[in-house]
């Protein structure tokens, strides 16, 4: 595997100089192009040299587009005839069909987009279902934060602090084994108390709870005095 | 697309056995897998029949994954040997390189992902009217470099190397999720230690930290210039 | 804050011609108009710290990093700080610490060498600083490498968001996110302004004023008493520099009543 990837590395090393001209210190965030605004200047791309290149560019554009992309739009960007682009797309479609790819290029709502082939939907479905997620929704994260800093704590107490009911979050966190029941509180109704688990420590890379950042740690960073 | 999204409730009664129905769902949109929450479904995928099919499935899974996907995860989902999956990935990489595609399959942050080839960045940028949004100052980059090479490292230790307090850089890097807290150092004041994140690898296109050039390599360079 | 806040940076960064190859030396200071006043200010944000400034001076003077002419570089460095005085002193905190180090180094270099010590036993007083500079240089170069990488990475685009991603409105979190979220909740819940304890930073100008007043009011000031009022290392450095400043402008003069006795300051007549 390493052999294969190495050649990628060198391939990518080519272009720094040409890129640097436009660049400030800017890091591409993965989603940052989604809502991008026009910069206006020097966005005129190089002229397309060959049919092979044209196909490659069409492929790239369809891939990054968040909506099905029609030949007309591509033709506008590349400043080429729509018929030329259409020929390129047709050739690409054929290519993807011919190679028995897991992806297909298909026409939807008047535009072209990549999609997985229906033959493999069960595997894709199984994957999406299986996909381990260390991620949390904001609601669960909030609940977890309250529990982490205020443990042991009961559900009504969490409600007090968050101002929102958290039953489904509690369930999610229990399912993910990030929190555990810590006995019952000696109060009316003897409500269950919750605290963070060992799994919580592992997932957040903490040796113990004393390693949680404190308000002071944060304020020092925020105020610039460390 | 909205039709499909609507289905993404907690539970839905899709008849899994009705392949026709499924296929329709697939065709409705490439995003249709999001709706796959049906609890009753038999999620054991069909056994993979051939190397060609395996490659196609790998391709599909890498495409739908929102993060770089590693061979181990694919192997787990397909219940196959990791080495077999790795061979499939290597073959796919070769295929994409061989056909002069606009896309490449590349390894980043320990996983595989499709991305456009850098050669076509001007066209892609022109199409997306893309303007990078996230910026890092030179000070933050310097702080990031120190953290990348010296992790886990505390704020005072960064001060020692940079000769300047870096709290606002640390905060910026935390906000951008390029660094994460890595526990506390067993020293006076138990200062927080920091290290780079997976997001760091992704944004800088690194397979893993070992891909960073050795810091000693910069020694000659550095002393050569001054 | 001892560092230019990120939000102020674009004004600076926009004008920097970032090197495309690994270029280790520091950047050039720049005069910019402050929109809030008529003054022209030197943007120190371009120097990522005192080491960066030192490297810049060393390169500018074209001297050997292993054999820094300390007196010359120190003078340059101090004149730089002079120009910075109109700036917020808090920005210059770490720069002042370096100033003190340089002055100390300059003094040591002036001391006669021990004639009995073997040449190889003598440690060059600059040794530590040179090591620090060389170490720093490596990371400065590494930062440029990261910048190049990020630039290349900008040429590579990932697919747009799929519905499958959007339907997972989830966040990857670290412990600081946990803390931040917790703080947000507390703020939301209590809607209570946290009492902020301001950490007072005394500026160079204020320190000079303090020194002037103390000398004037008593006619004669024991410097030890003056230095003991400093509540932090930084304040001590500022105090030290303010003494140097008033001596330089011949506003005060220093004297001792006896050898190794207390150092006293008096208004220069």
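Labels A, B and C are assigned to the chains in the order they are written; within every chain, residues are numbered from 1.
To be clear about the criterion, contacts are C-beta pairs under 8 Å (C-beta built on N, C-alpha and C of every residue); 3 or more make two chains touch, one makes a residue touch a chain.
Since this is a predicted model, take the numbers as computed values, not measurements.
Novice: If every step must land on a chain the current one touches, say how few steps get you from chain A to chain B.
Specialist: 1
Novice: By mean C-alpha coordinates, which chain is most distant from chain B?
Specialist: Of all the other chains, the one whose centre lies farthest from chain B is C.
Novice: For the pairs B-C and A-C, output the one whose chains share more C-beta pairs in contact.
Specialist: Higher contact count goes to B-C.
Novice: Just give me the whole-number Å value for how far the CA centre of chain A lies from that of chain B.
Specialist: 8
Novice: Could you put a whole-Å number on the gap between the CA centroids of chain B and chain C?
Specialist: Centre-to-centre distance between chain B and chain C: 37 Å.
Novice: I'd like to verify one number: the distance from the centre of chain A to the centre of chain C, where each centre is the average of its C-alpha atoms, in whole angstrom.
Specialist: Distance between chain centres, rounded to whole Å: 39 Å.
Novice: At which residue positions does chain A touch at least two other chains?
Specialist: 12, 15, 19, 24-28, 30, 33, 60, 63-65, 114, 128, 205-206, 211, 213, 217, 223-225
Novice: Send over the residues of chain C in touch with two or more other chains.
Specialist: Correct list: 1-3, 5, 10, 13, 18, 147, 150, 152-159, 161, 164, 168, 172, 174-176.
Novice: Can you list the chain C residues touching chain A in their complex?
Specialist: On the chain C side, the touching residues are 1-3, 5, 10, 13-14, 18, 20, 147-148, 150-161, 164, 168-186, 188-189, 199.
Novice: For a test of understanding, state which residues of chain C touch chain B in their complex under the given definition.
Specialist: 1-6, 9-10, 13, 16, 18, 22-25, 27, 45-46, 48-52, 55, 58-59, 65, 93-94, 98, 132, 134-147, 149-150, 152-159, 161-168, 172, 174-176
Novice: Show me the residue ranges of chain B that touch chain C in the complex, using the header's touch definition.
Specialist: 1, 4-5, 8, 29-34, 63-64, 66, 106, 113-118, 121, 124, 128, 130, 132, 135-142, 144-146, 148-149, 159, 161-169, 172, 174, 177, 180-181, 197-199, 203-206, 212-213, 215-216, 218-219, 221-223, 225-226
Novice: Tell me, which parts of chain A touch chain B in their complex?
Specialist: Interface residues on chain A, with respect to chain B: 1, 4-5, 7-9, 11-12, 14-15, 19, 24-30, 32-33, 36-39, 43-46, 52-53, 55-61, 63-65, 74, 77-78, 95, 99-103, 106, 108, 113-132, 205-207, 210-211, 213, 217, 220-226.
Novice: Can you name the residues of chain A that touch chain C in the complex?
Specialist: 12-13, 15-17, 19-20, 23-28, 30-31, 33-34, 60, 63-66, 114, 128, 133-138, 141-142, 144-146, 148-149, 160-163, 204-206, 211-215, 217-218, 223-225
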